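Below are two complexes that have chain A in common, paired first with chain B and then with chain C.
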Partner chain A sequence: MYDLIIVGAGPAGITASVYAARKRLNFMVITKDIGGQTAWSGDIENYTGYQFITGPDLTAKFEEHMRRYNVDLREEEVVSIEKRGKHVWVKTLKQEYEGKTAIIASGKKSRELNVPGEAEFKNRGLTYCATCDAPLFAGKPVAVIGGGNSGLDAALQLNKIAKYVHLINISPDLTGDPIMQEKVSASPIISVLNNTKTLAVLGDKFVTGLKIFKDGKEELLPVEGVFVEIGLIPNSGVAKDVEKNEWGEIKVNSYNETNVPGIFAAGDVTDVPEKQIVIAAGEGSKASLSVFKYLNKLR
Partner chain B sequence: MAKSVTVYSTPTCPFCVRAKQFLKDNKIAFKDIDVSLDQVKADEMIKKSGQMGVPVLDIDGKIIVGFDKEELKAALGI
Partner chain C sequence: MYDLIIVGAGPAGITASVYAARKRLNFMVITKDIGGQTAWSGDIENYTGYQFITGPDLTAKFEEHMRRYNVDLREEEVVSIEKRGKHVWVKTLKQEYEGKTAIIASGKKSRELNVPGEAEFKNRGLTYCATCDAPLFAGKPVAVIGGGNSGLDAALQLNKIAKYVHLINISPDLTGDPIMQEKVSASPIISVLNNTKTLAVLGDKFVTGLKIFKDGKEELLPVEGVFVEIGLIPNSGVAKDVEKNEWGEIKVNSYNETNVPGIFAAGDVTDVPEKQIVIAAGEGSKASLSVFKYLNKLR
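Take a look at the complex of A and B:
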């Protein structure tokens, strides 16, 4: 049995593992990927110690730091985390693990549109990662869905690549930073469609169009790419018994404790104010130190 | 004989970076194609894999989409 099971290996999970290793805890890390959202980020200029670093490079640094400690890392998908008796049980698609404690650091993922055609055309013209996939849409007409910062960022990335960009925004006005809005309005190829709802993604083998609802009527936009940038949701569904807020974020106190003794949480999956790499890392360290104190009390 | 391995990727996709690192760690030589710089090769990748997500690996004609360690090991025979 483990002292601690860490779920997730983004900035929070990796920092928690470094601290757990240094406290000589018997622990393991279960994750589907390394780096979490950091791995998908473009340029990072606000992680202390690095004036400029890319997401993949910072992820490599994180991983290198963690691997220094011979961490038991399993690449498996977690399906449930629950307390049974005195211990915490983490079940994956492969097997079940028992720990005295767990830290949930599973982060956030892209929110989906929930419209017909979305699942069908994923990776067939529809994508959630402009940073990764934008280059494949050179010279093509595309739509970006979302009027916040990530939507504007995607539109601006495509500005240099695509034939033209429809920016689909469900609200009356764009909500992203003014400095990005200015760049969007300055672009000759980006057109903003406010008060516009997405109804369906259309195509045969690949995406050929987007059905939208604007000014009281349905319209068809011929596009070959659809970039979905409508925000993030926490990966908290696997933890049934822990208390969450209205957005599904796991509620934690300042010691990273959830309402279930022995289950801790850290980073973007929690209700901690502000979601930043540096904050998630700090929360991860705090969670491991809290676990250490909790385990000492059990002895 | 060593298998012929081609990786289609973009520089900004994390699973591309990890797939290539995995090949390097296992000392497997591969042809590295950056589809963000080469539209012809990008179309070739889409045709081969029937989809537009990166990375795509071509291992002696067997097409693997995404980075799946187990699938890669099986295809490479390691």
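Take a look at the complex of A and C:
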């Protein structure tokens, strides 16, 4: 039996594992991927200590840091996390693990548009990951859907790659960081369409266009790529018994405790007010230190 | 008038300034020093993304990151932070500044022993900063007072420098991280004295010894250096009106708000449950994002 099972290996899970290792806990990490959303990020300029680093490079630094401690890392998909008796049971598609405690650091996943054509053209011109797929659209006309930071980040990733970029924003104004809005304004190939709703994704074998609604009428936008960046939803479904807020985020107190003793949570899957790499890392550290105190009955 | 005045430039203040700059706020930073406790730390192995870095090196990375944004940084000593009317006033020994908001990120300072001889021999053999002063004690017998992480860190910093190190711990067991305890045990020159109280610092022009109480009797320990590492107290005295806990830490909610609207706080000066570089950095980010929302009346 483990002292601690960490679910997820983004900034929160990785930092939790570094702290658990330094506290000499007998722990394991279960995750589908390494780095989480950081791995798909473009340029990162706000992780303190790295003025400028790409998402994949920061992920590599994080992974090396974690692996330095010979962590017991399993690449498996978790299907449930529950407390039975005094312990926490984490079930994956392969087997079930027993721990005295668990930290849920499973992050978030992309929200879907829910319009006709979305499912049909997924990976056939429609994608949720600009970092992964932007290079596939060199010289092509594309649309990015979403006016927040992830939408702006995607548009900027496509800035030197695509032929042109329609940035489609359902709201009257962009909501991303001013510094990113300035970069978008400065781009000769990005045009912002505010107050614009996406109605359908069109195509043949691959995406050929978007049907949008703007200024009171439907319009057809010929594009060959569609990047959906309309927000994220927490990967909290596997934890049935822990309390969540209206957005499905796991509620934690300042000790990263959930309502279930022994189950802790950290990072973007929780209701921490802001979702940032440096915040998720701090929360992962705090969660492991709380687990250490819980195991030693210090709290 | 400023949108935001950040007091302190440790991991919390610096991260707050990076986020404020990226939100294009009109802000300034007032601080006595750069890096705070990080600058005096020895080896840092738990700031995620840097497997191993010294305190001064990480401080340099942080400072470069902050200065990249041409921050308005004043090296002044703050004497009071208060809300008058709708704004926050930060008074230093030189002048007074007006801001719509402030983030207090002033960190902690070393706790004193309060024994005879301490004040007399300060900087004459007695120090609170192993990183700054360890090299001055090459080949000399020294004592480190404190059995927590800072005591262990100081002892390890002296490990390859001093003749021998008495690690004086008032408790029955060391309380620092197991991984650091192991390194202390492995050292041939560090000896741990548990259940030991320091009674006085002795000397002539410089420190010559420590009077301790152990196993029911007084004892004299001949040393030429004394490193006091018995904990930290928050630099919160300048903020008279904000609510604090019994240890003088500023109470904040998960948005880093204090009880005074417009005054925020982040990092080691607050009641955040754990004091770690990565946690303070995360808190600084969260505080600036909360200030941004406050200024835009989003919250």
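Methods note: the second predicted complex is superposed on the first by the 281 of 299 C-alpha atoms of A that agree within 3 Å, B and C clash if a C-alpha of one lies under 4 Å from a C-alpha of the other, contacts with A are read in each partner's own complex, and residues count from 1 in each chain.
Quick note on the criterion: a residue touches a chain if its C-beta (ideal position, glycine included) is under 8 Å from a C-beta of that chain, and two chains touch if they have at least 3 such contacts.
Because the structure is predicted, anything quoted here is derived from the model rather than measured.
Comparing chain B with chain C, the partner in contact with more residues of chain A is C. When the two structures are aligned on the shared chain, A:A138 is found in touch with chain B, with no touch to chain C.
Legend: residue contacts after superposition of the two complexes on their common chain; A:C129 is shown touching chain B, with no touch to chain C. By the touch criterion defined above, A:D33 lies against chain B but remains apart from chain C after alignment on the C-alpha atoms of chain A. Contacts of A:F213 after superposition on the shared chain: neither chain B nor chain C is touched. In the superposed model, A:E75 makes contact with chain B only, not with chain C.
Put simply, chain A uses no single residue to touch chain B in one complex and chain C in the other. The touching residues of chain A, counted against chain B in their complex, run 33-35, 39-40, 42, 54-56, 59-60, 75, 123-125, 127, 129, 131-133, 135-136, 138-139, 205-206.
Of all the residues in chain B, the ones that touch chain A in their complex are 10, 12-18, 35-37, 39, 42, 46, 50-54, 65, 69. Interface residues of chain C facing chain A in the complex, by the touch rule stated above, are 11, 14-15, 18-19, 22-24, 45-51, 58, 61-62, 64-65, 68, 177-179, 254-255, 272-274, 276, 278-286, 289-290.
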